[in-house]
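Common to both upcoming complexes is chain A, partnered first by chain B, then by chain C.
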Partner chain A sequence: MNGYGGNILRVNLTTGKITKEPTPPELARDFIGGRGFGAYFLFKEVPQGADPLGPENKLIVSSGPLSGLMIPGAGKCDFTCKSPLTGGYASASLGGLFTAEIKYAGLDSIILEGISPKPVYLFIEDDKIELRDASSLWGKGTFATEKELKEKLGEEFQIACIGPGGENGVSYAHINHDYGRQAGRGGVGTVMGAKKVKALVIRGTQPIPVADLDAYRKAGMAMYDACKKSEMLKPWQNLGTTMVVSWCDEIGALPTRNFSAGSFEGGKTLYGPYMREKIVVNDKGCFACPSPCGKYSRMKRYGTNVEGPEYETIGMIGSNLGLAEIEDVAQANLLCDDLGIDTISAGGAIAWAMECYEKGILSKAETDGLDLKFGNVEAVFKVIEKIAKREGLGALLAEGTKRAAQKIGKGSEKFAIQVKGMEQSAYATHSATAMLLAYMTADVGAHHNRAWAITYDLQVGRELVNADKVARVIWLQHIRPMFDTLGACRLQWVELNLDLELYPPALEAITGVKRSWQDLHLVSERIWNLTRLYWAREQPGFGRAWDMPSPRFYTEPPKSGATAGKITSLEDVNKLLDVYYEQRGWNANGLPKLETLERLGLTRLVG
Partner chain B sequence: MRLYAESSKCSGCRACLVACSLNLFKENNPKKAALVIGAHFPAPGNYAVSVCTQCGECAAVCPTGAIQKNDRGAYYVIPADCTLCEACVPVCPENVMFVRTGLAETAWKCDLCGDCIAVCGTDVLRIGEIEAKA
Partner chain C sequence: MSAKLHALGIIKSYIGGKSEIVVDAGNTIRETMRALNIPSEIVALVLVNDAPQAKEYRVQAGDVIKLIAVVGGGVNEFRNE
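Take a look at the complex of A and B:
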């Protein structure tokens, strides 16, 4: 099948049975690839009520039709499963070089099923596919694991592995690749750990077939040419995602001390240019990317190296924990990466614990003797290690902020900054209604990836609540996840202003199937509704209440910074949801109407 | 003329490798490219980009005359004349002369098409006159 590896690989870890089946053409037609494939297999194959850490859950790893091709940023890999953090849909996106190898090995998805009786790694070299003993790797950090496997097997192998966090069942464990790229959110690494899979190791040497080679080369070259002509190319290459740190600080969107404010008085030593000068050694790009946002850094103070930190980590581990020095943030980043835990959720959980400690809700005995005040660097390092080991306070925080707050109570639920159980990523949304709605309605919980709407808030008026704003959020929720469906990065479009109309000709030349953006939006909407139904199927009583943000964003205006005194009213929060549900074709409780499912061709699948 | 690489600018993305395989073999397969990008992680530092200098050592040792010059002044492999003897591989000073029988029934090398330059977003590569070694 043109544009595809052509096969779905199933690995039953319980029995050790490994099978391949041709990728169904109708699956490619209706769900395209990447997170579309993930959502389809999750809904269809993981039974209702499955324990996220049990044998019935599956970890579905998927490339898309653009992955591994000469298309800017064609290196996105989707990891889907039932989330141990939220109990709902999890889909995490991984950059780097991994997804291309999936295609070169003649595969589109790898589905891990069951639970292995002992630690293993999955070895794939074209048609040679084996489960191999990983007992000697179990317990090791992600960097040592990757280094050991590469030294043993060769540099051409790409590795995605878990660290102690994933082995120990931290609810937000990640999967690490290429010494610093992660499938970070929702606990995809936790599920891999529960399955006793330490690593996925892959090398492929087969070509990816395309429908019209000349048209594809022409379309691909046109995209690179446009990227290289973009005036945003050099600034973006220089700073990557850290470009927005100063902007967020200025507009009051930089999460500060558990999102109690959006501007940080120590922000300047977290800004991109400061970081570039102080710690960055060189740029590190994902597959086929002309605009590498990855920065590889050297922390002289610690004698260590890390890829990053990216904006999200700077926000969540930096300002949100009151850490003002980029080198300290980078070191905490390294600890999280090596121990295998998501920096965003870890930052959210630690910030919540710090606020509990400062308010006297958690005593010093309950923090294992740590003086867990905002800004205490050493305490942050120690808590990160405790989380990965599930030791003392770490065992509580490893459950995620929502469950930790439910357990501790005493009003701490009000400042657990999460939606659907997922910690909110690094945009403070006291006064940014589109971004707030984006977090409320994101399909995995409070994650920015699905709709980065904060620039739109600033463009049209940040406190405004109207149908246009809601429509913009839905439009973004269809476009951005489509990139994770196609298996390519969205940032050439977002940051370099690469014309969206350059994609359909490339996709047609590659797959032989003509699709307009209108068609692609429909597929995105189909996936969006399917994941919504997944939540409704898995969580009794699922509905509107699950879309509510942290009360902090409608009851506690920041006392300082650019958004001081500003807040979105509860009435506006509800209005946002009313309009959103109406535009989506959902009922007042946020569940898709039958006519919507019929329009999207989902009734047969969901029964 | 030859290809030059400024390794310090490389971000390791490998777009050049895909473009190269598309030129040489009409295939999406970076394992069949004529450049090499060496990584170094987890230690920080530059990627090591190896490219053909068009020195001609490969052509000089080829027993069947399968390596000839094209109109761009670059040595290229004529697949029909290549016997896969591998004589060209060890003499290449940059390790960018390839014979991998599992992948292709011919040796391959850079023919100076320039497609790698077109897709490189960080200006690592350029084609220039062959400079005398200092």
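Take a look at the complex of A and C:
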């Protein structure tokens, strides 16, 4: 099948049985690949009510039809499972060099099933596929694990592995690759750890069949040429995602002290240009990337190096914890990466604990003797390690902010900054209604990557609530996740303004199937509704209440900064949902109507 | 005593679709943007002679200023909505 590896690999960890089956053409037609394949297999094969950490849950790793080919940023794969953090749909995207090897090994998806009786790593070298003993690696950090496997097997193998966080069941453990790229959110690393899989090791040498080689070359080169000519290329490569730190601080979107404000008085030493000058030593790109936005940093104060920090980590571990020095944030980033936990959720959970401590809800005895005030960098380092080890306070925070707040109570639920159990990523949404709606309705919980709508708020009026704004959020929720379906990075479109119309000709040349953006939108909408149905199937009573944001954003206006005195009213929050549900073809409780499922061709799959 | 202001992406639409205009030296970047009705809150990054500068930077004669907006996906889609 043109554009595809052609096979689905199933690894039953309980029995050790490894099988391959051809990738069904109708699956490629209806769900394309990547996140689409993940959502399909999750809904169809993981039984209702499965324990996220039990043998019935599956970890599904999927490339897309663009992956591994000479298309800008075409090195993305998707990790899907039932989330141990939220109990719903989890999907995390991984960049780096891993995905191309999946395709070169003749695969589209790798499905891990069951639970291994002992620690293993999955070894794939084309058709040589084995489960190998990983007992000697268990307990090691991600960097040591990757280094040891590379030294043993060779640099040409690509490795994705977990750290102690994943082994110990931290609900938001990540999967680390290439010493600094992560499938970060929703606990995909927790599920891999529960299955006793320390690492995925892969190398492929097989060609990917392409329908029209000349047209593919031309379409691909047109995309690279456009990227090269983009006037945004140089500034984007210079700063990457850190470009927006100062901007977020200025507009009141930089999460500060557990999202109690959106501007940080110590923000200047977190800004992108400051970081570039102070700690960045090199740029780093993923597979086939013409615009490397990753940054390698050297922290002289600690004598260490890290890839990062990205904007999200600067927001969640920096300003949100009251840390004002970029070197400290980078060091915390390094700890999280090596220990295998998501910096966004870790930052959210620690910020919640700091606010509890400052309000007297958590005593010093309950913080294991730590003076857990905002800005205490040593305490942050210690708490990160405690979380990964599930030790003392860390055991509470390893559950995620929602469950921790439910356990502690005393009003702390009101400042648990999460939606559907996932900690909100690094945009303060007191006064940015499109971005607030994006967080409320994102299909994995409060994550920004489904719809980065805050720029639209600033263009049309940040407090405005109307049908156009809602339509923009839905439009973004279809376009941005489509990149995760195709297996390519969205940042060439987002940051370099690469013309969207360059993608369909490339996709057609590769797969031989003509698809317009209208068609791609329909597929994206199909996936979006399927993940919504997954939530409804797995969570009794699922509906509107699950889409509500943290009360902080409609009850507690910031006291300082650009958004001082501003919040979104509860009436507007509900209006946003009303209009959103109507435009999506969902009922007033946020569940897809039958005619919507029929229009999207989902009725047979969902029964 | 003048400087050049180079517009990237959607900033062009605020200066009549031009790529470059001449601005007075002596004002801050923020004052310059205000005079041109360019909303400060859509500008993520200011480069002066290719080096990042704060919006409080005072424009010098001969400077080349670049204003970079945040868009978040497609300039054309952003402005044509």
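In the analysis below, the second predicted complex is superposed on the first by the 607 of 607 C-alpha atoms of A that agree within 3 Å, B and C clash if a C-alpha of one lies under 4 Å from a C-alpha of the other, contacts with A are read in each partner's own complex, and residues count from 1 in each chain.
Here is the rule we use: a contact is a pair of C-beta atoms (placed from the backbone, for glycine too) under 8 Å apart; a residue touches a chain by one contact, two chains touch by 3 or more.
All values derive from a computational prediction rather than experimental measurement.
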item	value
Dominant toucher of chain A (residue count), chain B or chain C	B
Which of chain B and chain C A:V281 touches, first, second, both or neither	first
Contacts of A:A211 with chain B and chain C, given as first, second, both or neither	neither
Touched partner set for A:M232, first chain B, second chain C, both or neither	second
Partner chain in contact with A:G68 - chain B first, chain C second, else both or neither	first
Partner chain(s) touched by A:G272 [first = chain B, second = chain C, both, neither]	second
Partner chain in contact with A:L605 - chain B first, chain C second, else both or neither	neither
Partner chain in contact with A:A50 - chain B first, chain C second, else both or neither	neither
Contact residues of chain A, present in both the chain B and the chain C interface	none
Touching residues (chain side chain A, partner chain B) in the complex	68-70, 72, 75, 97, 100, 104, 143, 146-147, 155-156, 178-180, 205-208, 210, 213, 217, 220-221, 224-225, 227-228, 233, 237, 281-292, 294, 296-298, 305
In the complex, chain C residues that touch chain A	8-9, 39-45, 47, 50, 52, 55, 66, 68, 70-78, 81
Chain A-touching residues of chain B, taken from the complex the two chains share	8, 11-15, 18-19, 21-22, 25-31, 38-39, 41-47, 102-103, 115, 118-122
Touching residues on chain A, where the partner in the complex is chain C	231-232, 234-235, 239, 243-244, 246-247, 250-251, 272-273, 276, 452-456, 458-460, 468, 472, 476, 479-480, 490, 493-494, 497, 499-500
